[in-house]
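Across the two complexes that follow, chain A remains constant while its partner is chain B and subsequently chain C.
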Partner chain A sequence: MEWLQETYLTYQSTLGYIGLNALLALSVYTTLSCGQLALSSAGFAAIGAYAASILTLNFGQSFPVALLAATALPMLVAVPLGLPVLRIRGVFLAIATIAFGEVVRLGLVNWDYVNGAQGLVAIPQKTSVWMIYLAVALALLLLARLRGSKWGFALEAIREDEAAARTMGIHTTVYKLAMLVLGAALAGLAGALEAHYSFMVAPNGFGFVRVVDMLVFAVVGGTVAYYGPVVGAAFLTVLPEVLRELAPLVGIEPGPLRFLVNGVVLLSVILFLPNGIVSLPARLRERRRARSVTA
Partner chain B sequence: MTALLALEGVERVFGGVRAVDGASFEVRPGEVHGLIGPNGAGKTTIINLVSGLLQPTGGAVHVGGQPIRGLAPHRIAALGVARTFQNIRLFPELSARDNVIVGEHLRRKESLPARLLGLPPAREAEQRVRERAEALLARVGLEDRMRERVKNLSYGEQRRVEIARALAAEPKLLLLDEPTAGMNPVEVEAVAALIAKVAAEGHSVLLVEHNVRLVMDVCHVITVLNFGKVIAEGPPAKVAEDPAVITAYLGGPA
Partner chain C sequence: MSGQQVINGLFLGSIYALFALGYTLVFGVLDILNLAHAAVFMLASFVALTLVASAGLHILLALPLAVLVAGLLGLVLERVAFRPLRGRADSNISGLISSLAMAAIFEAIAHEIWGPNVARFPFGTLTDKQLHVLGGVVSRLQLTIIGVALGLFLVLWWLVQRTRLGREVRAVAESPRAARILGVDVDRAIAASFFISSALGGAAGVLFGLAFNSVSPDMGRSVELKGLAVIILGGMGSMTGAVLAGFALGLVEVFVVAHLGGSYRDAVSFATLFLILVLRPRGLFGAPSLREA
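After this line comes the complex of A and B, so read on.
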């Protein structure tokens, strides 16, 4: 009985993190969908997490108020950040936005009010798994509704050829900024939900490594479809857990080897499915067709 | 009648090269205006200046009487200017139909809230947009290639998608930068007919083209450029006999 409860608790935690990682992956996807590699999501998540935690912990605000603030504040920050940095492209945009994340992280490390590098602890546990999945569902619904609309096509056009898109009358800056702001909102919300799910936040949880994780979720899942990042987040969040369970069954100590297998799986997806896991059905169909032609 | 497009002493310098050197000419409404000249004469640079992808270093460009200096390309597009590209710049991963749908961007007056709520008017508007795109593709003879990704289309087909995409904006001024390059004679014939028809419908066309027969057939007026300067202008028959034009193309007497 105790074992059952324990297992449930383990899986409940994983279940929550799948959703949280999905939100964070979607926050990177928003800008990727119009061809911009912005890596500011960890910074926005940190702002959301700290804003919400300060409100519930120090000001006794209700959780909905905290979530609202955690969503709105990163959006406000995204506008003055985006206006200058979205003028630059490619790897330079990535570097500039990583720098933003580091500024946020180092700012928090040096801010005594929030205990510096130690971070905030004993945050009230207010996040339920359903809240996380409601947020994921709403984000997916929003992205799905954009698809096929005037705005969805404009985003695709910008991703494919920005200059050509501009000559079609598309105000590319507005679209790129809107996607950065939307991503900031999703990241901030995810940060706040995570803080109230794991009881604590620390600046070093929102560093460069974290935003690379988010990017990997999105890329492995596939950025050709709006739900790809969710698939990637689910796959890469569950994979280590599965490997931990499987390792003893094949007589291997669960430990460092797990990370090696994790890396091999990751590399295989990137090598053999460059458009991500969501492109697997199309790839299989293609191969079957090719085989029927040669046969 | 006032000119739809007017260039006045337009100049564009790249480093030490004067790609466009004080060029002046006008395109009137409903006119097919040829812009010809040897390689490097500055034809594509002029197209880029008019569409806003480049800014002139001197002179003035007016569209519909409005100076366009400093305007971003999307603002110029809103004045009714659409273009194709010499080196084909379609959206490669999108289908032919979706490329043309992007071209309709400025004509689509839709409400974002209605779209996000999935209201029926938004869906109906999108249906109409799709139908218009399909009709345009049929017009350039691609009705059976609409769902194909454009990167899988032939060169000539891609050029035709670009023309359809530019027409989707219902532009007052259509800039065509070598629309028939790489096309077979049958395709060239079809494009010539299309240009004539588009002009008859009231669109002005500025046509950069190397196919002399096409230019002679469809243009009302031809401007000849050499080293960034206008060396001749007039109706096709007159331009063809102009000694300066013959010298520019064939070289002068030794």
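After this line comes the complex of A and C, so read on.
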């Protein structure tokens, strides 16, 4: 038991970050599930993180109130953002939403009230690991419920062929906007939880690199299943830790080579497992069946 | 706007334009955003620096060699990260990620070889003689950079508009399937556009490193997103547009820094980018297209 407790304490922070990254990956997945590559999640996470931190730090509000505000505010921003932006498609949507994220980040950098580029510090630690996982569980439950429902089928139809879906009478804009708003809520919540988990927020933590990370979690895990992004976030959050432990054992010095391995793993997954890690069991089963047939 | 600001803006703009040209060339041909472009930009700068500092080459000799290395990196990139994905339905998302993985690998290699710190070109790489033009002061370094950039624009224009290879690349950009039917070696044309694209990105990297006399593994970050702004502003796939928009961004940045302060420089360019995408997605010089927007 003591051993278990020790291990838990060592990896507690990693455990929390797995959950936070899973929420952020899910926020990118929501729009991906209807075929839209929107990279606005870092911007929404920033809005949520700052809203919650300002409320708890400067206005002495309780944590639940702060979390609620951090979830609601990005949703309100997502509507006027989504209406014009969701008309754009493909890589252009990605770039427009990257630009949105950069405008949010640079706005925070230039906002003296929140200390500009240095960000807010000494945020009260209010987030426990169970809260993060409760949020992940609720998000998964919601996305699982969507599957097989009228909504789920509409999203799939839009992903496969947007023009055809519209012809079938599916109001594509409403669905796409709803998924963007849902993603914004998840990102905002994740941002607020993270701010009260790590005690600080800074605008540069919500830049382009961050949102690309979220996309990578989602795609590496697999966007064919709603739980794929969670698997991807867990895998890629744990990987650097594992590599750090393993590197000395195989004689590699810790340092830049770790990032090299990270890049190679990412590349291999995207090249050899097009549907992400979650498709691995099915592929192995298929291969075994193929072998037993030939034998 | 004073003459000095115009000179500085043109100088900065020529680097942005070179970087964006490479970006937009690959985008025009493949509809894929190559996120490793900034990493090639950085590696080329390091290669030039090493050739000058360790091998003692003159910078005007090191530059073409570094550009060649960048072009070869482009071929590697195409072979490893893009060719295997061709024909996959989600190739523009998966290509984004595989290029990102390559960028991480390139950055790790640079870290391993040259360390994380900022490196500088040895003193006197380009003698800093001052000349007076347009009522402003311009250094020989700045003139060389603008000159090299203009020279490369002309070479690229000739290559794309006047040669057989350029015709093939344009045909593939229009429709890979039709090009294949007409007997174009599509794989070769795509590899060639990656070579040219990365060579241009590499040239931009060397010039950027010289201009600010600072070379570091993360130097690509600062131009990566600006390059995006430039290709959107100029119209995706439009090379004239990329050049004009590159100069425009350079001039606007210098102007904003002079009149609003340095911290607003990037905010202005991204706000513009956002507005352009919403109001006029094909950019200022892009042709109307049936596919986008």
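In the analysis below, the second predicted complex is superposed on the first by the 282 of 295 C-alpha atoms of A that agree within 3 Å, B and C clash if a C-alpha of one lies under 4 Å from a C-alpha of the other, contacts with A are read in each partner's own complex, and residues count from 1 in each chain.
The rule is simple: contacts are C-beta pairs under 8 Å (C-beta built on N, C-alpha and C of every residue); 3 or more make two chains touch, one makes a residue touch a chain.
Everything numeric here is computed off the predicted structure, so don't read it as measured data.
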Clash-or-fit label for the pair chain B, chain C on chain A: fit
Contacts of A:169 with chain B and chain C, given as first, second, both or neither: first
Contacts of A:107 with chain B and chain C, given as first, second, both or neither: second
First, second, both or neither for A:273, with chain B first and chain C second: neither
Which superposed partner A:200 touches (first chain B, second chain C, both, neither): neither
Chain B versus chain C as contact partner of A:15, first or second or both or neither: neither
A:150 touches, of chain B and chain C: first, second, both or neither? first
Chain A residues touched - chain C or chain B, whichever exceeds: C
Three-chain overlay, closest Cα atoms of chain B and chain C, distance in Å: 11
Those residues of chain A which chain B touches in one complex and chain C touches in the other: none
Interface residues, chain C side, partner chain A - complex: 27, 31-33, 35, 80-81, 84-85, 88, 90, 92-94, 96-98, 100-105, 107-109, 111-112, 116, 221, 224-225, 228-229, 232, 236, 263-264, 266-267, 270-271, 273-274, 277-278, 281, 292-293
Interfacial residue positions of chain B with respect to chain A in the complex: 51-53, 72-74, 76-78, 82-83, 85, 89-94, 98, 101-103, 105-106, 108, 110, 112, 115-118, 122, 126, 129, 165, 169
Of chain A, residues touching chain B in the complex: 142, 145-146, 148-151, 153-154, 156-157, 160-161, 163-172
Residue ranges of chain A in contact with chain C within the complex: 32, 37, 84-85, 87-92, 94-96, 98-100, 102-103, 106-107, 109-110, 116, 208-209, 212, 215-216, 219-220, 255-260, 262-264, 266-267, 270-271, 274
